[in-house]
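Shared chain: subunit A. Partners: subunit B in the first complex, subunit C in the second.
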Partner chain A sequence: MVWDWLPVYFEQLLGGLWVTLQLVVICAGFGMAAAIPIGLVQVTGPKWLANIALGFCTVIRGTPLLIQLWLIYYGLGSVFPSIPGIRESVFWPYLRAAYPYAVFAFSLSVAGYVGEVMRGAFAGVPKGELEAAHAMGMGPFTVLRRVWLPRALQNVFPTLAGELVLTLKATPLAATITIQELFGVGTQIRQDTYRVYEPLLLIAGIYIVLTGIIVLVMRYFENRIPRPASV
Partner chain B sequence: MRTAIKLLAVAALSAGFATGAAAELKLGLDTAPYPPFADQDASGNRSGFEIELGEAVCAAMGETCVWTPIAWDGIIPALTEGKIDAIFASMSITEERMKTIDFSDKYYNTPAALVAPKDMDIDGSPESMKGKIVGAQVSTIHANYAEAHYKDTADEIKVTYQAFDEHNNDLVAGRLDAVVGDSLAFVDFLASDAGQCCEIKAYLKDEAIFGKGVGVGLRKGDDALKQKFNDAIAKVRADGTYDAIAKKYFDFDIYGD
Partner chain C sequence: MWDSLHLLAFSPPGWGGVLLKGLFVTVFVALGAYGVGLLIGFAGAVGKIHGGPVLRTILEIYTTLIRAVPELVLILLLFYSGQSLINSIMDGLGSGRVDINPIAAGIGVLGFVQGAYTTEVIRAAMLAVPKGQVEAAFAYGMSRGKMLWRIMVPSMIPFAIPGLANLWLIVTKDTALLAVVGSSELATVTRQAAGSTRNYLLFFIAAAVLYLMLSLVSTYLIRKLERRYRPVSRTSKLNAQTAGGR
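Coming up: the complex of A and B.
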């Protein structure tokens, strides 16, 4: 084992770790925000909207994330420049960067997987509770906000924690579209130093620690959710 | 099947007559083909830039040369143990190899090139990279060049590409304003449909980063032979033989400068 490269790349590794954390938090946030309506419309209808949501989840869950990422980065990326004038527009600095494409792709992925989870979660809330809320005089949005969504989240919280861990472990794919996150830095160390195992072991260790932190934090929140007496 | 093919150049023959029986000079080359430098067809005929150049150099030296294929990882031991007399196999002159063997003067050095969209106002100088995004493949001498020369002026240096075609894709997509890479590797890209957007803006020079180029590998202490190779290389360079051969394979200056 040779670790003499570690001090040289320490700062780069920290930078990579920061990018990885950013990706996880931002994509989980966007993905979750999209997943709630995607899950909800599949339970409430209208039918055509439910079908679109179902189709979306099927495509996202049915294709490798790497292909989605490359389709979005290289596919969309080659469509945009053909739009006249786009290179002079104020959006171009963002459209040509890699980061927005990664955020978009990972967010879609989270939305697809969690959307399916949320569909089951919304469907699993007992009808009687929703009817009771109605009977109390709550409007449909108040029912959603005060009863339906909290009860649904309560049921699937451990599953969501698992999805967050999976999102973390999907982020190394960003290195394939030039984003220097943790794995990308590890790859560079391997190619610079010709050492294979040590950088990989270090990166793997960091991911385990990150996963552990996610699990602990999510468990903390899980325990703070009041459980209904009947469960 | 015979693995060695005799090369009897006219000049070598006449030299042989003059001095009596000249010993054959065994030139080592890689068993694996490396077109367009060295290739071999099904019937064993060798061709390629390096093959033709080797023949010309041997002719200029007045030697009879025999190509001796050796697996790449054993080619330096084969030289030091005397199985071959010289390595003529696109071997780059490096500090590391200089510890074990000696080299003649270089006989080619594919220059690094800066490729950019045709309408881009770039000439390879650091000043012309102002506000530009430059790409290169991760952990390459080309990435080192971009970092060393363009860091202060360019908007961003993106040397995180895993493959050569990936930064070419991003160049076409407009995500990069310029790419640094090996001029030889760019030939196929620039000939493709996608590559029509772009052209070579400059050939880049920095011996400290790109190295000295490719030379004939020789045993340490074999100074007489080294001198003969250096003289012969200088001769084919001077009399136009080198350029005549190079023109058949490359449309840029493969010798570098």
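Coming up: the complex of A and C.
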């Protein structure tokens, strides 16, 4: 094993790690924000909206993320330049970079998977609690904010922690569309130094540590949440 | 995009036939990897429950590490290390180096990854079988092997089906990752088709539709299977969290 490349690429690796963490946090945030309405309309929304949400979840969960990513980056990316006037618009610098496409694709993916989780979570909150909240004089939005959503999140918190790990494990795909995140930097090192294993092993080790940290942090929060009352 | 639909025709210059062949390879690789995963998973689960401390520790490391590292990294790592391992064995035997069939390599690599998840699913299912059944089997004088085959396997199936079904859906999608090492499955040929015709949107949508169809047909068949092996008790939710992958 030869590790003499490590000091040379140390800063680049740190940069890659930073991009990876950014991707995880941003995409988990966007995805979660979209997942709540996606789950909610399937439980309580009008039929047509529920069907759209269900279709969205089915498509996202039924196709590989790699294909979604390429479809969005290469597919949409090749259509945008043909739209007249778009090169002069303020969006053009963003449409030319790879990063926004990755954020978009990963956020959609998180939204699809977590949306399905949230549908089950919302459906799992006992009806009596919602009726009680309503009887207390809360409006529909207050019921959602103070009772329905917290109770739903409480029930599926371990699953959400698992989804966060899955999001981390999905980020290396971004390297296939030229983003220099952790895995991308590793690939770069392999090409520069002709070392086959060492960079991969190092990257794998970093992912193991990151997964461990996510699991521990989420477990800490899980223990601080009051246990859901058994029905 | 619509005026280039003729590119999906089955015979050249259309790429439809190539894509369908890629889908066929994808299904083949997925089936193979799933089979390998089941074998590893069954052996791993038995080892984790009945094995000694050394075996249990090794299996624990295997399942933990595999499930913590991104599949893409694992595929590259296993692909290259497997290749050089086989070649050094061949060198040791005195025969020449071999070029490994990319389909076989894909099956091996994905199967090894699947094995870690399958181990956890089957282990949980085995633990869900009431202890009394196992004890009764031993009390009848069955050997451990006979107990596993006659009692454990049939009674754990209802508990294992949801988790195993989930793993099938995951492995069909994970085959797409083989595109990074170059294979002949759907994702790889789609990228070739898209690259050489410059019709990215059309071909990636076509591939997505094919993958979606595979998932939907699988889901339909799984539902039928689940209805057949409905669990006796309602404790089968335990598999829900062991599976992963996008």
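Quick note on the criterion: the second predicted complex is superposed on the first by the 227 of 231 C-alpha atoms of A that agree within 3 Å, B and C clash if a C-alpha of one lies under 4 Å from a C-alpha of the other, contacts with A are read in each partner's own complex, and residues count from 1 in each chain.
Everything below uses one rule, namely that a residue touches a chain if its C-beta (ideal position, glycine included) is under 8 Å from a C-beta of that chain, and two chains touch if they have at least 3 such contacts.
All values reported here derive from a predicted model rather than from experimental measurement.
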State whether A:3 touches subunit B only (first), subunit C only (second), both chains, or neither. neither
Examine A:180 and indicate which partner it touches, taking first as subunit B and second as subunit C; both and neither are also allowed. first
Partner with the higher number of touched subunit A residues, subunit C or subunit B: C
Under the stated touch criterion, which partner chain does A:18 make contact with: subunit B (first), subunit C (second), both, or neither? neither
Between subunit B (first) and subunit C (second), which does A:81 come into contact with in this model arrangement: first, second, both, or neither? first
Thinking of the overlay built on chain A, is A:94 touched by subunit B (first), by subunit C (second), by both, or by neither? neither
Go through the superposed model and pick first if A:221 touches only subunit B, second if only subunit C, both, or neither. neither
Which partner chains sit in contact with A:188 here, subunit B, subunit C, both or neither? Use first/second/both/neither. first
Overlapping contact positions on subunit A, where the subunit C interface meets the subunit B interface: 74, 77-78, 175-176
Looking at the complex, which residues from subunit A come into contact with subunit B? 74, 77-78, 80-81, 87, 92, 96-98, 175-176, 178-180, 184, 187-188, 191-192
Given the complex with subunit C, which residues does subunit A contribute to the contact? 58-59, 61-68, 70-71, 74-79, 109, 113, 158-159, 162, 165-166, 168-173, 175-176, 183, 186, 196-197, 200-201, 203-204, 207-208, 211-212
Write out the stretch or stretches of subunit C touching subunit A in their complex. 1, 65, 68-74, 76-77, 80-81, 84, 169, 173-177, 179-180, 187, 190-191, 194, 198, 200-201, 204-205, 207-208, 211-212, 215-216, 219, 240-241, 244-246
Within their complex, state which residues of subunit B touch subunit A. 133, 138-139, 158, 160-162, 166, 169-170, 172-175
